[in-house]
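Shared between the two complexes below is subunit A, which pairs with subunit B and subunit C, respectively.
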Partner chain A sequence: METFFEWFRVLYDDTGINLPFLYDSYDRGRMFDGFLMTIKLSLVCLFFSVIIGIIGAWLQGSSLKWTRRIINGYIQIFRNTPPLVQLYFFYFAIGSLLPKVQNDWGGQEPLLGSFAWAAISLSFFAGAFNVEIFRSGLEAVPESTVEAAEALGFNRLQVYTDITLPLAFRVCLPALNNNLVNLVKTTTLAYAIAVPEMLYEANQIWSDNVNVTEMMLFLLVAYFLLVGVLVWVMNSWERSMKIPGYGS
Partner chain B sequence: MSWTEDQPMVSIKDVHKSFGDLEVLKGVSLDVKKGEVICIIGPSGSGKSTLIRCVNALNDIQQGSIRVEGQEVNDPDLNKLELRKKVGMVFQQYNLFPHKTAVQNVMMAPLRVLKQDKSAVEKKARALIKKVRLEGKEDAFPGELSGGQQQRVAIARSLAMNPDVMLFDEVTAALDPETVGEVLQTIKDLAEDGMTCILVTHEMGFAREVADHIYFTDRGVIVEHGPPASFFDEAKDPRTKEFLSQIL
Partner chain C sequence: MKHTSAQSILPVLLQGKGKALNGFDFSPKLWHGVILLAVCLLTSTISFAQSAPAKISVIDALFRWMPLLLQGFVFNLVISVFAMAIGTASGAALGLGQISPNVAIRKVCWFVTQFFRNSPWLVLLFFAMFLLPFEFSVFGLKIPLPDWLKATVGLSLPVMANVSEIVRGAVNSLPSGQWEAAESLAFSRRQTLWEIILPQCVKRMLPPWMNLYAILTMATVLASIVGVSEVMTLTGQALAAEGGRTDLLAPFYSFVLLIFFIYCYPIARWTVYLEQKFAVKG
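Moving on, here comes the complex of A and B:
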């Protein structure tokens, strides 16, 4: 392994192509940490944004006017403002209003750190789109299918979890894929509030090594592969959910 | 509840139902005794489907009374689950759950609504599939079954809830002529087992064969009714005569 890494030092010496995150163990460590942080932030946001979508789409069908209004207001706010502004708003505006807590060294620190705020902000951002995506899927389920379930004694929640949501999922998966791909790419915004994710660590490395071109190229390839894996997983999931004789 | 078996199982009295300004039912009354099979016939738009949809509260009524085993359906505090445990319904478009296999369709409501034990439910579901003569199709998805087969699964699904009365809403109207017979045979088997049935149908021959009583509706009222022999051969009302002459 070490010979493999050392080869890149030789590459740098011979050609000037500088990839310190491969041959330098310190840079390698922080690049790897950044990569893990991006994965972690992506998974947390994917999970919570889908949960928000599922619950939001359910509440959107509520018979209570104010519940529907609140959900629609939430969607409008998060859809019509830039995610970077949302992130700053959560981190600087709401974050500064929260009480400070004492840390292990006796100092004061914010209740929620930058990772937590990025996770909250991006989950709500992608969640707003997910609510609309799930709603479009729910609208594709025929009313008569719902009636059949009601006639069998299903209550509204059971109809949703057992009938309409599983069917809606299959209809809206392509749109959901798009939004989740966008979400993974949007995690780079967390850089702006110093979450040490991949872009942040890359920036640290290019500041130290002045190898901007190489780092930019690396980031493109890294995100391309990362999103490629997500797309592959989602496509396999879509295939595994296909029902014989239903849909295209 | 003071209902006893010698009273009508379903008692409909002076029912009025409007969709907006359109009055669909203009004072309909009829009684169905336990074990009785009644057929409601009449031209399209005469309100016959609406009437049976009101019996299990898929549609609400504005005026009048519908009692199922003594339980008043026209009641804002209606316990729909209790009502729907007693009343099974089969629809024109089958409305099976497309993401579930035949046997899963039959098992779903007993499992989720009645919270019955899974192994017992599965045993019963397989027996019901056999009863509707679909042995070997247990694991087929609705999309892999013909219309007639789907409709028989729908009947089995409804029977799995052990209803006391079954509603059939033009259940053969969407079927190919050659599959109509198999569905009618299934209903006939049920009627012979003593199931109380209310059918909306255009199958006059079938109505004549299985019904204990025939009701003819037109423009929201019952125009004429009687046992099949006298109804078909000695119709008195000109509207009934005209309808029968067109359809027979």
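Moving on, here comes the complex of A and C:
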């Protein structure tokens, strides 16, 4: 393995193609941490945004006027404002209003760190789109199915979790897929509030080694592969959830 | 026919039809913006109550910096319009390449589209900022390339890929009978594309295209990360100039949220309206 990494040092000496995140063990560690951080942030946001989408879509069908209004207000605000401004708003504005806590060394630190705020803000951002996506799926379920379930004594929550949501899920998976891919790409914004994810670490490395071109190309390829894996997983999931005889 | 037979086999699902639950129809209302305004004002007053009497009030500070911030916002709009123009022109060409009869052109255009569509906007922006020269010379004439222009190019790359997909999707959504009918009337491929297919596609492409424009407008703030002095950078500078007062953070950032909302919201509503108007009946 070490000879494989050393080969890149030779490559640098011979051709000038500088890939320090392969031959330098320190940079390799940084890049790997950044990669893990991107995956961690993506998974946390994917999870919470889908949860927000499911709950939001249920509340949107509520019979209470104000519940629906609040959900719609949330969707419109998060869809029509830039995610970066949302991130800054959460991190700087709301973060500064929260109380500070004492850490292990007796110093003051904010209640929530940059990773937590990035996770919260991006989950809400993607969640707003997910609510809309789930709603469009729910609309595809005919009223008669809901009525049949009600006739069998299901209550509203049971109808949602057992009848309409599983059906809606299959209809809206392509759109959900698209939004989740966007979410993974949006995690790069966490760079702006110093979450040490892949773009941030790449920036550190190119600041030290002045190899912007190589790092940029590596980043593009890395995200391309990351998104490729996600799309592959989602597509195979979509296939396995397919209703026989429905759709092409 | 296929659709109806699928329905008779499986009556549990209808595609894009059926009424919403409880007959509730989602339609965005203007008061959603009022909430944002309320947040802006509320945070201003809360902060005002917290701040010491010696300093100027939060609302005064906001009013003092508002012209500068709005100028920055106009700059954002300029970037978005340029990026959209470049992206649409190149994306349309790329999209037509994706439906070319030539396999090589089709493959290359598909790959380029997928590559730029699946890369984060911010990474592409960094890409353009660092890899484009700050000036280039044509026949000894030096043409400077300011950073905002580089940011515009960087933002137009993902727009290009998305427009390419919109064009391809719209062309593919037309029934193949259109192509066959044109062929039987002895139209050449180019004539079919320009005189029959594309005019019908414009209607279908408009809503997603406008959606993309709204997304692009919101993405222009990314340029602040790479040092273009647009509204986000100016907000940061204004806050620094006020001496880093923490009570100003919430009102200033919610003000930025508000101006973007005011701009993007009508576009979103109009898109919904057009989508309903152009919806294919079936």
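Operating definition for what follows: the second predicted complex is superposed on the first by the 246 of 248 C-alpha atoms of A that agree within 3 Å, B and C clash if a C-alpha of one lies under 4 Å from a C-alpha of the other, contacts with A are read in each partner's own complex, and residues count from 1 in each chain.
In this text, a contact is a pair of C-beta atoms (placed from the backbone, for glycine too) under 8 Å apart; a residue touches a chain by one contact, two chains touch by 3 or more.
Worth saying up front: this structure is predicted, and the values here are computed from it rather than measured.
Contact with neither subunit B nor subunit C is seen for A:S123 once the two complexes are overlaid on the shared chain.
Of the two partner chains, neither subunit B nor subunit C is touched by A:S42.
Contacts of A:A149 after superposition on the shared chain: subunit B is touched, whereas subunit C is not.
When the shared chain is aligned, subunit C comes close enough to touch A:T188, but subunit B does not.
Subunit A has more of its residues touched by C than by the other of subunit B and subunit C. In the superposed model, A:S114 lies in contact with neither subunit B nor subunit C.
Residue contacts after overlaying the shared chain place A:N18 against neither subunit B nor subunit C.
In the superposition on chain A, A:N179 makes contact with neither subunit B nor subunit C.
Contact with subunit B, but none with subunit C, is seen for A:D162 once the two complexes are overlaid on the shared chain. Legend: residue contacts after superposition of the two complexes on their common chain; A:S96 is shown touching subunit C, with no touch to subunit B.
Comparing the two interfaces of subunit A, the one with subunit B and the one with subunit C have residues 142, 144-145, 167, 170, 243, 245-246 in common. Of all residues in subunit A, only 142, 144-145, 147-155, 158, 162-163, 166-167, 170, 243-246 touch subunit B in the complex they form. Subunit C makes touch with subunit A in their complex at residues 6, 9-22, 24, 26, 28-29, 31-33, 35-36, 43, 115, 118-124, 126-127, 130-131, 214, 217-222, 224-225, 232, 246, 249-250, 252-254, 256-257, 260-261, 264-265, 268. Residue ranges on subunit B touching subunit A, taken from their complex, read 56, 58, 80-81, 84-85, 87-89, 91, 93, 95-99, 108-109, 112-114, 140-144, 154, 157-158, 161. The residues of subunit A lying in touch with subunit C in their complex are 60-63, 68, 72-73, 76-77, 79-86, 88-89, 92-94, 96-97, 132, 135-136, 138-146, 164, 167, 170-171, 181, 185-189, 191-192, 199, 203, 212-213, 216, 219-220, 223-224, 227-228, 231, 243, 245-247.
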